[in-house]
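Chain IDs A, B, C and D follow the sequence of writing; residue 1 opens each chain.
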Amino acid sequence: MTILYFAWVRERIGLAEEAPRLPDGVTSVAELIAWLAARGGGYAEAFAEPERLRAAVDQNFVGLDASVIGAREVAIFPPVTGG
Amino acid sequence: MTILYFAWVRERIGLAEEAPRLPDGVTSVAELIAWLAARGGGYAEAFAEPERLRAAVDQNFVGLDASVIGAREVAIFPPVTGG
Amino acid sequence: MIRIHVSPQPIDLLGETTKVEGGNVGAVASFCGLVRADDGVDVLELEHYPGATEAALERIARTATQRWSLQAATIVHRVGPMRPGERIVLVITAAPHRRDALDACAYLIDRLKTDAPFWKRETRGLEARWVEARASDTEAASRWRADDAK
Amino acid sequence: MIRIHVSPQPIDLLGETTKVEGGNVGAVASFCGLVRADDGVDVLELEHYPGATEAALERIARTATQRWSLQAATIVHRVGPMRPGERIVLVITAAPHRRDALDACAYLIDRLKTDAPFWKRETRGLEARWVEARASDTEAASRWRADDAK
């Protein structure tokens, strides 16, 4: 699974994407975020306030309770501010 | 007083403007129209249905009951269709 | 900044738009009406009331700048004969924020349709006819008056 | 005809507009957002989610063509660094009649603000900060959803 980061999530983590091996317990976006936050450092900083995060699974916008099982691409980012 | 005609009013009358001498009884736009219509020909044709006419007195849009006393310019025309 | 321009020249969309884009403008909304090519019209001719037309457009634009927070309001209207696909009218609004620009743009074109002395004549082949006023235009314009009365 | 274009190139307003003016189009509405020059911003940088951004814009445009009678819907969004006064986004709608073009144009920009993955970063002097999402944008977009539910 590829994980993509955008905007200040990307900046705090210092990575635009990565493809970590996930433990079995990680089945939802929220669990993925908690697992990544536990790495500390920039991850802890980026994911300190999950309510400020949005996500997409295989390029579909989803709530943080959405499943990541079988997903090929998960993106985590702040609320959008385009236009 | 100058009288201006636009669109099909102008076409039916065959004139874009004229400055006739008005009789004393003509004090409103409606009376002006009735007096002009009585000339017959293109005037009668142009003014056959007063409800299809609009007017401006000194370049201000007015109802047909508006006064023309002291006016320098009266325009008679169909409802507008610009844009 | 209000700009009113009534002329037989083709409408310069890019030039008119760049005129309003300077300063601290954040939002530009525009509406352009074109001669429709689909109903057999060969030539559309626009007649106006010189002087009174410009004054009416100026009044409409001025009312918009009082009602919304605008940095610019432009109304450009072509007159004389034109062909299908050509631009008849262009209204542009510029504002710090989009809602003002969008609402004022709709207002300008709705009011222009009923409050400015222009008359359209369509020619199809050898037959010419004056376009009739549409009830839907009066309705669209009165929508804004109802708002005014609130 | 839907056109979606996301690119670091300056937005070609005239080119994009003339693309939609052909055929039997009678009404063209557009909205353009620009980098505001008034609040000390030196550089505005737009980040996006390649692939997902284009797909989101396509969905928004497609929904508009289902909801209004449109002949064209164009969304052009610039990404990367830009300067005050430069165009960030341009939406254009073309229709036989003005109400469809105007309403669909407002819809496209309102929905784009909340439903397409773009992120703005402003730089003032040496300080850069990510722009926060605005509640008023969510409100503006939800206005259309309330309409959908009717």
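The definition used in the following text is that a contact is a pair of C-beta atoms (placed from the backbone, for glycine too) under 8 Å apart; a residue touches a chain by one contact, two chains touch by 3 or more.
Note that this is a predicted model, so its numbers are computed, not measured.
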Q | Between chain A and chain C, the fewest steps along chains that touch one another | A | 2
**Q.** Contact-linked chain groups that survive once chain D is dropped from view
**A.** A | B, C
Q | Inter-chain centre distance, chain A versus chain B - centres from mean C-alpha coordinates, in Å | A | 73
Q) Could you state the distance in Å from the CA-based centre of chain B to that of chain C? A) 26
Q | chain C and chain D, separation of their C-alpha mean positions in angstrom | A | 23
Q | Junction residues of chain D, two or more chains touched | A | 33, 109
Q: Could you tell me which residues belong to chain A and also touch two or more other chains?
A: none
Q: Check the chains against each other and report every pair that touches.
A: A-D, B-C, C-D
Q.
Show me the residue ranges of chain C that touch chain D in the complex, using the header's touch definition.
A. 13-14, 17, 21-39, 85, 87, 96, 98-99, 101-102, 105-106, 109, 140
Q) Given the complex with chain D, which residues does chain A contribute to the contact? A) 4, 6-8, 10, 56, 59, 61, 75, 77-83
Q | Residue ranges of chain C in contact with chain B within the complex | A | 33, 46-49, 51-52, 55-56, 77, 88-89, 109, 112-121, 130-134
